[in-house]
Amino acid sequence: MARILFLVIAGVGLTSALSTVLSRNLVRAAVSLAGFFFTVACLFILLEAEFLAALQVLIYVGAVSILLMFGIMLTRGVQGTDLVSGPSAARLPGIVVGLVVFAVLGYAIFEEKGLRTQYSWGALDERTAIARGSKEPGSPLRSAVNNMGKVVGVELMTRYVIAFELAGLLLTAALVGAVAVAHREEDETRSTGSGVPPEKPEPTADKPNP
Amino acid sequence: MPTVGPSTLDFRDFFFVAPEMLLAVWGLVVLLLDLWLARRLDPAARRLWVGRVALAGTGLAFAVALAVGLVPLMARAYPEDAGSWLSKSTLDYLFDTDPSLFSGTLAGDLQVGAFDLLYIVLLGLIVGLSRAWSFTEEWGEFLALLFWATVGMMLLSAAEELITLFVALETMTICLYLATALEKTRRRSAEAGLKYFIYGSVSSALFLFGLSYVYGLTGTTHLSAIRRLLVEAQQSGLTANAAGATAVLLILAGFGFKIAAVPFHQWAPDAYEGAPAPAAAWIATGSKIASLIAFMKVFANALEPWASPDSNVLRPGWIGIVAVVAAVTMTYGNLAALRQRNFKRMLAYSSIAHGGYLLVGVIAVGLAADVSRAAGAVLFYLVVYAFANLGAFAAAAWLARDKESDQIDDLNGLGRKQPLLAICITLLMLSLIGIPPLGGFFGKLYVFMEALDERTASRGSISLVWLVGLALLNSVVSAFYYVRVLRAMFLREPAGKPMAAADRLIALPILLSTAVVVGAGLTPDLLMGVMQAAAAPMLTTPIVVHKLTAPTPVGPPAPKKPTPAFQYSADQMKKMGQMATGGAGPPGGGGPAPKAKAGTKSATPKSKAQAPASKKAENRP
Amino acid sequence: MIINNYIFIGLLLLAAIAFALAPILVARLIAPRKRSRTKSEPYECGVLTLGETWVRFRIQYYIFALMFVVFDVETLFLFPWAAGYASLGLFALVEMVVFLGFLLLGLVYAWAKGVLRWV
Amino acid sequence: MTAFAVPTSWIFWAQEQAVELDRGLAVRWGLWLVVGFLAVFPGIVAYMVLLERKAAARFQDRIGPNRVGPLGLLQPIADALKLLTKEDLVPRGADALVHLAAPVLVIVSAFLMLAVIPFAVGMAPVDLPSGVLYLIAASSLSPLGVFLAGWSSRNKYSLLGAMRAVAQLVSYEIPQVLSVIPIVLWGGGLSLVAIFDKQADYGWFIASPPGLLAFLILLVASIAELNRAPFDIPEAESEIVAGFHTEYSGMRFSLFFLAEYLSVFAVGCLATALFLGGGMPIPFARFPLNLLDGSLARLVVVDLILLAVFAAKVFSFVLLMIWIRATLLRLRVDRLMNFAWKYLTPLAIVNILVAGIWYECVIRPGALTLGRWLGGTLVTGPMVAGLVWLAFWVNRREWAGEAAGPGRPSLEGARPDWETPGQTGASPQRAH
């Protein structure tokens, strides 16, 4: 059952990943990417990390893909062209490099030898479900799997407190920096730097007026 | 209700991150103050005031960092006096020789303290430099980003754990991307920011992927625990460990980007050239120092068992890869720098080349018998390099202020107009070349000597002679482009309007850098001693954080810090005063120590703190 | 086991898709189909679209999306904190005050900078 | 190359034992899926539409639909049949696949939200350990659907409506998510069932100052999330035709319609489960849970009570939404965004911290007592009141400036939503 599920999810994921890369329409590519994010969430569920799965959907499918869409709507340079990306001269090298990376990663995963207490990655067949890893209900493993949100919270507040606060600082810095970089003074009508003469848009002329 | 392993938090640990906290908050203060002032003052006055407040912040941070460093030392030196005004638990905490903070995610040793001070000094100079001329509207943002980047750097060089390390690295680089792009009137700045950002985020992704491999292999993110596991696994080198090799490659890609090693260097010239000079200076100095320290921690500490299998450097093991990268990096950097007419671009390529030399040092650390000496050499090099570069960027800022350009030719005739500063810049350039008796010479000398060290060679039995030879050749090549600056200053006639006299803000970094470079050249032992002492705990502290019983994201609770059961004898007090912390305990699970490497390691800091080390070993399960 | 629940969710997902597609299919079968050129033109007050449909939007949208992502990521930290709060002490609240304080001041910054004003 | 020969079974790997299906579970699921999700919920939604029409008619002093069946009760069926027989139109130039996928995505989002609601004891379709997070994640899918609907139509109004809608949706998603966090904090976990149990012990979560504020934030944000008046800018008929679904007609349009009402229902269920004590009829009493003794008959009785109360609460919530829609005027777009970012988000963030204080005052000390509750209220009540006052005080200029009359920058500086290219004639200006 789970194997079939895995195959289905992997198949869908592969398809959407491919269509992300191959689609010439940017929005469609972004939609495929969102689909791929979703299949990653499904894989997280198969790995019994439902907390991660929910976060994956919330952050990536819900937020990052929206950001991508807005980015696409924003950054298209010239009007009049369709929302497509042209075939690139780097396509063939890109494919080759991608395949090489894939081969290396695949080789690495297959060839991995477990260190002492670890399961070898290639021997996952013998591995039992994580939640079953320890029978007694109070074990950290079990609570970590069954109540990951809680355990993550406790760890964030104690062991990883510096990383946590630093993440807050990082988010703030990103917010501040992005605002500072993207912000243009409303009063100034200087050009965006693309050589376009500054042009004060008329207040209402561009409103679609049914 | 399932019980969760009660991780504990020792609030006293926050004492040691006080400088970081102060800088983070001060960044916000500067940011909001700037916003508030923007409505009330004209731009020039606003810039002045914001800059003053920022400088005050760095001053305060310096004082705090000094206090953080000194209080434990003083308490150890005068326990009786300290006992009268500190509580028992605080005293115990300060006497605790275990330098790890926050369950082992951060180090609180001398290296951290010393480099915190260094970062703050450099930050202060760079903040001053930013005030020298007006290149952006977003003053508060720019300064706040510099402050936050500094927080990232400080925590990056303190991180003992991969997650903290990664978040710190990202904080540092993201702030720097944004600071790079903040000179909004110039398109080059935006372009530089974008290039830096795109290369940086891709390499960060690779880096994180590599870290995830390491975590997947070992089940822990703590550097010392990773090392212990790898030692126990008795897989020396990367032989038959393809996953490890992939991890090493990916992590190397991440660090390679941060220090602009060759396959990942493309961003550097554009970013250095496009960024406003203070931001570029911070990329070239602070970010490089922090990344290299983290690099050494990850590779020479955590992944040390994978350094090389045995006799041959080019056998599987990260040393072989790093050696090739180092060779290519320095050669490419120097050759490319030869063609540059743009001062900042020249500095960018020269910094790539210096990254290559530093990588030679990292290799030496990976092979060295005496790790603290080898790492001390790298740190020495870093400090001298950072100051020399900072002075050079101050000159670049001067150019940008007065000539609004970065061409070397614009320096023409400076030697006649401003002889003092021109001589200082000359000394800095000579130091960058490595001319004795300046600091740069000793930096290179120490690093190359470590690489050629007999004991290192006997361990590795291959010699790094070819690498060092290449490095020396490169140093000769580098003389040509550095000398071009000197020629412009002293032999050429000034063209166009001459540069105005440098004000304090520009002169101070140049003078101070020169002082450091010359001082390090005249008395190299002093700085080298400090750096060796700093390096000792950095790579050898065995911070036992959690016993790994199972592959689990949640480790069992960290063992409590062993309360020192020994009396503080005068002798020990002195040792602790040197913060020789812990020493390497015997590698966890025993067994035949692989290739005697762990044995040599653990015996390394034998001169110091043997007693506390054995005490701690007893306390440990 | 956990994954059981998600099998239900998966089935629900399929059911929802079927629930959405079925009426469209039924409508295809029973609804009249008379195609004409005018009918399939976009509805813009009876006049054909002038110029390009997919216009380029202002950066303001992007800034809002960016702030949305930042605050969405922030919830990533808030949820585990809230879930684990019971087994932590008051210090967790203090840590969260610091964390949220930074983000709130970031918001205040954006506010004072004027990017929150939608014009 | 032995590498790829070793784990031939690798691609078939998954954790075998992780799935346990038995007959009872299958029957339960089947019932939920077929009876609940495919019959009862859509039925409820259909009659919600009728309710809205009736209620709106009353507000406007009309009678409302009363022709089809007694009291117009068969109206939804007639509507459904009418929609089914409408022609299925896809505009020329539209991206057909995405055009179809968009309403499906919105529907899926609404459906998935309902999967974790605990309607009564043992009456949650599933109890996920990360239930709340799952719910938020499921609801975060719909902005994507809205955007795709607008984008795929190849119509300027659609795209404009979609962009505005998504900007609004994401802006209000933040306070919506943040207002849920106090509940997670008090419930001690992300499972909705655990939250329900906690409310049995500590009273409905709305019965506390931070809880009340969180509930109000959730209410406002949810109305905006649902694109309902007064936040219905994205589909403002008089401004941008019908927003993102301009090009949708017939059954495709009705999917958006259905999804909207399904979401209204889901949000009602969510608010009930999170803030209003689920099916508990009395705020601070364990009734009817104390009747449970393990016997099936008792369970059935208790569940019936819980279900009825739950339904009543959801009904009131929906009625409240209809009332708000019938009463309030549409907000101007700048006001709308302001309200999310300048009022709700800061309030929701600080409210989380106040919720932490409430936890320390009331929940951590032990069982609920009147004294603790009063103490907590005395501590947090002024805080919450002060916060709300502060939020309005900080924003006072907006209102003061409005009163001062012209000279406001609001419409003076109004700019179109898109960049004017400047160099081409392809300005989006319409020749109308």
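By written order: A, B, C and D. Residues from 1 in each chain.
Heads up, the rule we're going with is that a residue touches a chain if its C-beta (ideal position, glycine included) is under 8 Å from a C-beta of that chain, and two chains touch if they have at least 3 such contacts.
Since the model is a prediction, treat every value here as computed from it, not as a measurement.
For the pair chain C and chain D, chains touching both partners: A. Relative to the centroid of all protein Cα atoms, the closest per-chain Cα centroid is that of A.
Note: centroid distance chain A to chain B, computed from Cα atoms, is 30 Å. The centroid of the Cα atoms in chain A and the matching centroid in chain D are 25 Å apart.
Measuring from the averaged C-alpha position of chain B to that of chain C gives a distance of 41 Å. If you average the CA atoms of chain B and of chain D, the two centres end up 49 Å from each other.
Multi-chain contact residues of chain D, defined as those touching 2 or more other chains: 3, 15, 17-19, 21, 128-129, 133-134, 136, 151, 156-157, 163, 170, 173, 189-190, 241, 413-416, 418, 421, 426-430, 432. Shared interface positions of chain C, defined as residues touching 2 or more other chains, are 1-3, 6-7, 44-45, 51-52, 54-59, 61, 64-65, 67-68, 72, 75, 79, 82-85, 87, 91, 100, 102-103, 105, 107, 109, 113, 119.
Across the assembly, chain A contributes residues 2, 5, 46, 48, 50-51, 55, 58, 62-63, 66, 70, 73, 79-80, 107, 110-111, 129, 131, 146-147, 149-151, 154, 157-158, 161, 167, 169, 172, 174, 176, 178, 180, 186, 208, 210 that each touch 2 or more other chains. Interchain contacts give a graph that is no line, ring or star and is not complete, per the touch definition above. The set of touching chain pairs reads A-B, A-C, A-D, B-C, C-D, using the touch definition from the header. Chain contact summary for the complex, chain B toward chain C: residues 4, 6, 9, 11, 24, 28, 31-32, 35.
By the touch rule above, chain D contacts chain A in their complex via residues 3-4, 6-7, 9-19, 21, 95, 98, 101, 128-130, 133-134, 136-138, 140-141, 143-144, 147-148, 151, 156-157, 160, 163, 166, 170, 173, 189-190, 240-241, 411-416, 418, 420-424, 426-430, 432.
For chain C in complex with chain A, the touching residues are 1-3, 6-7, 10, 44-45, 51-52, 54-59, 61-70, 72-77, 79-85, 87-88, 91-92, 95, 98-100, 102-103, 105-107, 109-110, 113-115, 119.
Against chain C, in their complex, chain D makes its touches with residues 15, 17-21, 25, 29, 32-33, 37-38, 42, 83-94, 100, 103-104, 107-108, 111-112, 115, 125-129, 132-134, 136, 151, 153-159, 163, 167, 170-171, 173-174, 177-178, 181-182, 184-185, 188-190, 241, 246-247, 250-252, 254-255, 333-334, 336-338, 341-342, 345-346, 349-350, 352-353, 356-357, 359-360, 364, 409-410, 413-419, 421, 425-432. Every residue of chain A that touches chain C in the complex is listed here, in rising order: 2, 5, 42, 45-46, 48, 50-51, 55, 58-59, 62-64, 66-67, 70-71, 73-74, 76, 79-80, 82-83, 129, 131, 145-147, 149-154, 156-158, 161, 164-165, 167-169, 171-172, 174-176, 178-180, 182-184, 186, 208, 210.
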